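The structures considered in this document are given below.
Here subunit A shows up in two complexes: once beside subunit B, once beside subunit C.
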Partner chain A sequence: MKLMDENPLNLPSASDPDWRFASVRKYRLDAVQPTVDLPEDALQDLAERSRFLDDTSGHAILAGNQLSAPIHLQDSAINLGVSLDLSETPCEMFPTLGGQQFLDYNSTNSRTSICLNVPDNVELQSPILLVHWNDTGVALPQVQVKTGKYSKLCLVEIYLSADSTPGHNIASTQVQAGEGSHVSRVVVRNWNPHTTAVHLEKLSAQRDALLRSININIGGGTIRQESVISAEGQGADLRLHSLSVSGEDQEFDQRTLQTHQAPNSRSDLLFKNALMAGGRTIFSGMIRVSPEAQYTDAYQTNRNLLLDPSAEANSLPGLEILANDVKCSHGATSGQIDDEQLFYMRSRGITEQLARQLLVFGFFEEIISKIHLPDLENKVRGWIEERFKT
Partner chain B sequence: MDSLHIEKLNVSIGEKSILNDFTLTVPKGEVHALMGPNGTGKSTLAKVLAGHQDYHTDSGSVLLDGKEILGKEPDEISHAGLFLAFQYPLEIPGVSIANFIRAAIESRLGAEESLDAPAYYRRLYEKMDLLQIDRKFTSRSLNEGFSGGEKKRAEILQMAMLEPTYCILDETDSGLDIDALKVVSNGVNFMRSNERGSLIITHYQRLLDYIVPDVVHVMWDGRIVKSGGKGLALELEEKGYDWVKDELAVACS
Partner chain C sequence: MSATETIDLDFEKGNFHYDTEYDYDAGTGLSEATIDYISGVKEEDSWVRDFRMKGLRTFTDKPMPTHWATRDLDNIDFNKIRYYLSKGQTPSRTWEEVPEDVKNTFERLGIPEQERKFLAGVEAQFDSEAAYSRMKDDLAKEGVIFVGSTEGLREHPEIFRRWFGKVIPTSDNKFSALNSAVFSGGSFIYVPPGVKVKQPLQAYFRINAENFGQFERTLIIADEGSEVTYMEGCTAPKFETSTLHSAVVELVALKGAKIQYITVQNWSNNVFNLVTKRARAEEEAEVKWIDCNIGSRLTMKYPGVILKGRKARGEVLSIALAGDGQHQDTGAKMIHAADETSSNIIAKSISVGTGRSSYRGIVNVPRNLKGCKNNTECDALLINSNSRTDTYPAITVRGDGNSVQHEASVSKVSAEQIFYMRQRGLSEAQAMSLSVNGFVNDLVREFPMEYSVELKRLIEMEMEGSVG
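For the complex of A and B:
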């Protein structure tokens, strides 16, 4: 299957303001090998390697653009009316933050649209796990999630490379949190260094819904993430958190939009980046408050920890407020490890090297500790430690 | 030999000299108080002793039981047996109290040794109880969001766990209400021993009602201008620091 021949992907212009600071040309698809379907044993192997959580309500494991095994849902979840299927219909389009071509491409060509529905009043006690393995070629995963009134869902999406071959991933996720529902989502991206990816997502919350989304970006080459979070009903509460570890030849480009269309809603964004030698990050965030969204609380924070002089963190925070009675703040800081903190730790006998390590991992903990799934938290810590060893 | 001995220490920042021929001996088994007005060099002394790199030592010597610590790295000085309780303890996000102190203790172990974790936690809880620190704090990030009193108690907790030979307490009383002051003082008094010397740096006499010193020193302009018994602190409280400035400093110069 040669996707790029049938449907060429037109790259954005390098001068497009939505792609400021980004290495646009890295997203070209012409160097990418065509997707090949994997043999049965390889699919089984990937399914085996996907046991990241001890206890789930269900899971779907994808390899490239195939299912690696039939989608599994616990009987208890089925009995409650939960559904987890491959969808026949492509996901609804949503506004992007510059990556419209990629969303169109994903929408036109995706064969693996995972559709999760949680009915009204259903509380899933354990998470739904989605694992997307990238192999040769362009993987085009889609995830569509809808939660009913007063339901509860924890969703874990993990994106990985099956091996060290170069890969391309163009993904879309849409989460619609119904009235009063509680949705907690964790996304972990840990591809090999030869992977280029664009992940477009739209997260919306209806009245009184609580939607938390945590992004952990560890491995990959040139990665762009666009997140639009939207408070659509009054009292909606959205929290978007991110932790990225960027090193040599890595670029994490994150664009966000927090929109408030209803009064008394809240959104809280915290994006933390740790940059090692040669690492690059881009954070561009916007808060947009509509005139009717009075009494909005919206916060946006980007913190960059520069661990080497060759690292480069770009930050473009923004606000656009049309209501007159709101609490909004935004801020970006970039800094190195604080000498006074180091002195304090060393004065207790801790060596400089260990003190630095504890401070860096301490910087990550603020995000990792929000996952609230101990086995996944430990997995993430392990992956980050490996990242620091290489 | 068995003392913290500071001999003719001269320290400056840029062109400004902060400590001038500062000389002091704190023998093991004694608690000394160092009092003086703000800006007289007390906190600089504390940081220099702990190995802070920002200060330039022009001359002098600091011997810990006869061993020179001046010019050593902060972690080496800590291993040599000196502990500084900070005036403004730093927040260490993402590192719990338990893991922080554990790292500090493990840094003292040899390559072949390993920490006995259950014994460590028993000892930690025992000291926390003594300092009336809620056990919930063990998993909280060190000093992050702590009140002034909680930070100072966490300092004394670290001191109690590391069991240093010489303790420097820099303005440990600042920002404490009376209840917190009593708790902190209890912790310090509990650690008084023939095997340990302490230097309590304070601006106010109040702390010395609870931690009664063996010797009181008055500092002015980077050196000690008067030393005496615990009565000196009361005299200082009564006469005020103008007395130091107008009489003691003049007499010494």
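For the complex of A and C:
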């Protein structure tokens, strides 16, 4: 891809408050190798490695900036009018939380914009799976999802590295949940340690829609995620959950904004971070309630579990409230494994190592159990266990 | 109900000013000549003058912090401000010597009365210089020094120079630099080892002249094992043009010392109140900031404690009330720098009308510390539908031996509570007032008695006409 030289990426200034605590310079693209188109057998191999779910309504597998196989959609879904294809029109722009340069870069240069539409009243029984394999160079995936009235969709996005070469990933996702629809989305990021990534997403819910989004961040180097969730209709309900496991040389930088523009809407955010030796996390959350969004319930919680003296957790939980009849709260805690709980288990004959493991995995389970897809839940548990072994 | 009587008080209290003839006036605008003038009038040593000049350079170099703070700061015209006004240098020692018109001002604010009753010492600042300064003899005998900043630097440099500008360096922020350049007045207090000052020391600051900036500098040093409580109150009459108050307050609590610093401010709503307050707590020392902000156009104030010694403790209790058109941007900073240090922040804010209250905080626990604890609670109450509140905390925790918790909530006075009280014969306004007082009650109780009564009345006053 030669585009990179023509559209240089201007990094934000390190003193930009939107990038507080972040290692801005690590997002530089200078040393990046150009993306190469993979040979047929390598593409086929990646498609083989992408069978993470037994039962899907359809899937798209991307390698770098190309499709590894034609997009597949079950006949039953096609008959219902569901569409899943590469879009010609780029993702609509949306407000970012400091990563505007990255969104511009993604939107000018992306060649792979996956577009998923679910018509009114259609309920998909099994999930749609999108797998993005990162290779050398900058992968620039886009995902655009629209659900019609009273429809139902489960979407799984998995981001992985094809091998151990350094890679970059700048992605944008936009989900618009139509009136009364139920959308449940799971994003798993498990790259190799030499990957830097910026993910920008905007999730919006119309009247009475329920939109759940679960982020599982396991592998990667310097990763930034920006999520704007927006309650645009009365009675909209948005839930944003995240679990990140950060270790040596890893920085997970998550910025969120919960906006409420309509009355009687609800949003709930729970971000949990486990920090091993050398791990670093940043959570910056904001709840913004417009004057017209009376009777809003908005909650924001950040829990950091520090497992090593060299770990560092940063929290910036924020509120901006302009309506007066609302219930809003945020909480942030940073701590370690509770000695009393450890003592309780040890007094019942469980070894210290096992007890610690149980407590740490218990901390994760609150998020993992929200996935509601047993085979993916097990896959995620396996990946996390692997992460702890290294 | 007796409630109606308590609301019946002097609403214009503090809103008066006298035409005072000033003996010394540095004119408007800020330049090296202004510094020379102030330094000359005060007959300062050359190191103080150098310190001021450095402050001026830093102030000119530093940009306005509007990349994170409100743009309202750009409305301050530094060239229109008068940086030094004074009626003479030596603070009067007896009440009788104080000039009549200045005395009238303080009489209205009730200072001599309070002094007679229970105060150990009074330092009243009228514009730039302390007009009245006296301390109970027995305190002086014990070696307690309670003087104005000018006198402190002149008479006791061996004590004050060591810590002066050390807790808050000149370059800390634009306004601390401004204060370093033109500071005048404020209190310098030294409490010798083991001395426990039982009565609170009190100072009162008042802006009298239009367009005047007040830049007092306070330094309190509590030597090993000593204890002291300091109270300050601030007011300004309502002028057409805005006034600037930019103080620097440094506290040093040496090993095992305890300092409690209480502020009640009720600036008129055209005052920019931009204050830097910070304390340094050595081993097992305890510093408590109790801060109440009512009034002013914009207040930016984040009292902080640097927990430098093992088992040091820092606390900030703050109440902010943002009335119509006001912005209270307050918060706290807790910098943990030793093992087993603990800190506690409790902030409550009330926004009335178009008022906006913000909480901004920093909690920092660096690597390799063990057993550090922080607890932060911020509660905001919104009264009207156009009121606003924000919370912007920043928390950094490193290492696995520390725990930090932060919690914030936003609510309004519940309709059920109001209904319950109205059923029992209270008017809506009374019910609202009672509810609001209930919201801040557990913090108000931390204030000395006469302050907490005053505070409740001030809140009632601000709440007037906001309901219905």
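For this structure, a couple of remarks:
Here is the rule we go by: the second predicted complex is superposed on the first by the 389 of 390 C-alpha atoms of A that agree within 3 Å, B and C clash if a C-alpha of one lies under 4 Å from a C-alpha of the other, contacts with A are read in each partner's own complex, and residues count from 1 in each chain.
We adopt the following convention: a contact is a pair of C-beta atoms (placed from the backbone, for glycine too) under 8 Å apart; a residue touches a chain by one contact, two chains touch by 3 or more.
What you see is a predicted model, and the numbers here were worked out from it, not measured in a lab.
The partner of subunit A that touches more of its residues, comparing subunit B with subunit C, is C. Using the contact criterion defined above for the overlaid structures, shared-chain residue A:Val326 touches subunit C, although it does not reach subunit B. In the superposition on chain A, contact of A:Leu316 is made with subunit C only, not with subunit B.
Of the two partner chains, subunit C is the only one that A:Phe21 touches; subunit B does not reach it.
When the two complexes are overlaid on their common chain A, residue A:Tyr344 makes contact with subunit B while staying clear of subunit C. In the superposed model, A:Leu306 makes contact with subunit C only, not with subunit B.
In the superposition on chain A, contact of A:Glu352 is made with subunit B only, not with subunit C.
When the two complexes are superposed on chain A, none of the residues of subunit A touches both subunit B and subunit C.
Subunit A meets subunit B in the complex at residues 338, 340-341, 343-352, 354, 358-359, 361-366, 369. Against subunit A, in their complex, subunit B makes its touches with residues 50-53, 73-75, 77-79, 83-84, 86, 89-95, 99-101, 103-104, 107-108, 141, 158, 162.
Taken together, the subunit C residues at the contact with subunit A in this complex read 67-68, 367-368, 380, 382-412. Those residues of subunit A whose C-beta lies close enough to touch subunit C in the complex are 15-17, 20-21, 291, 294, 304, 306-336.
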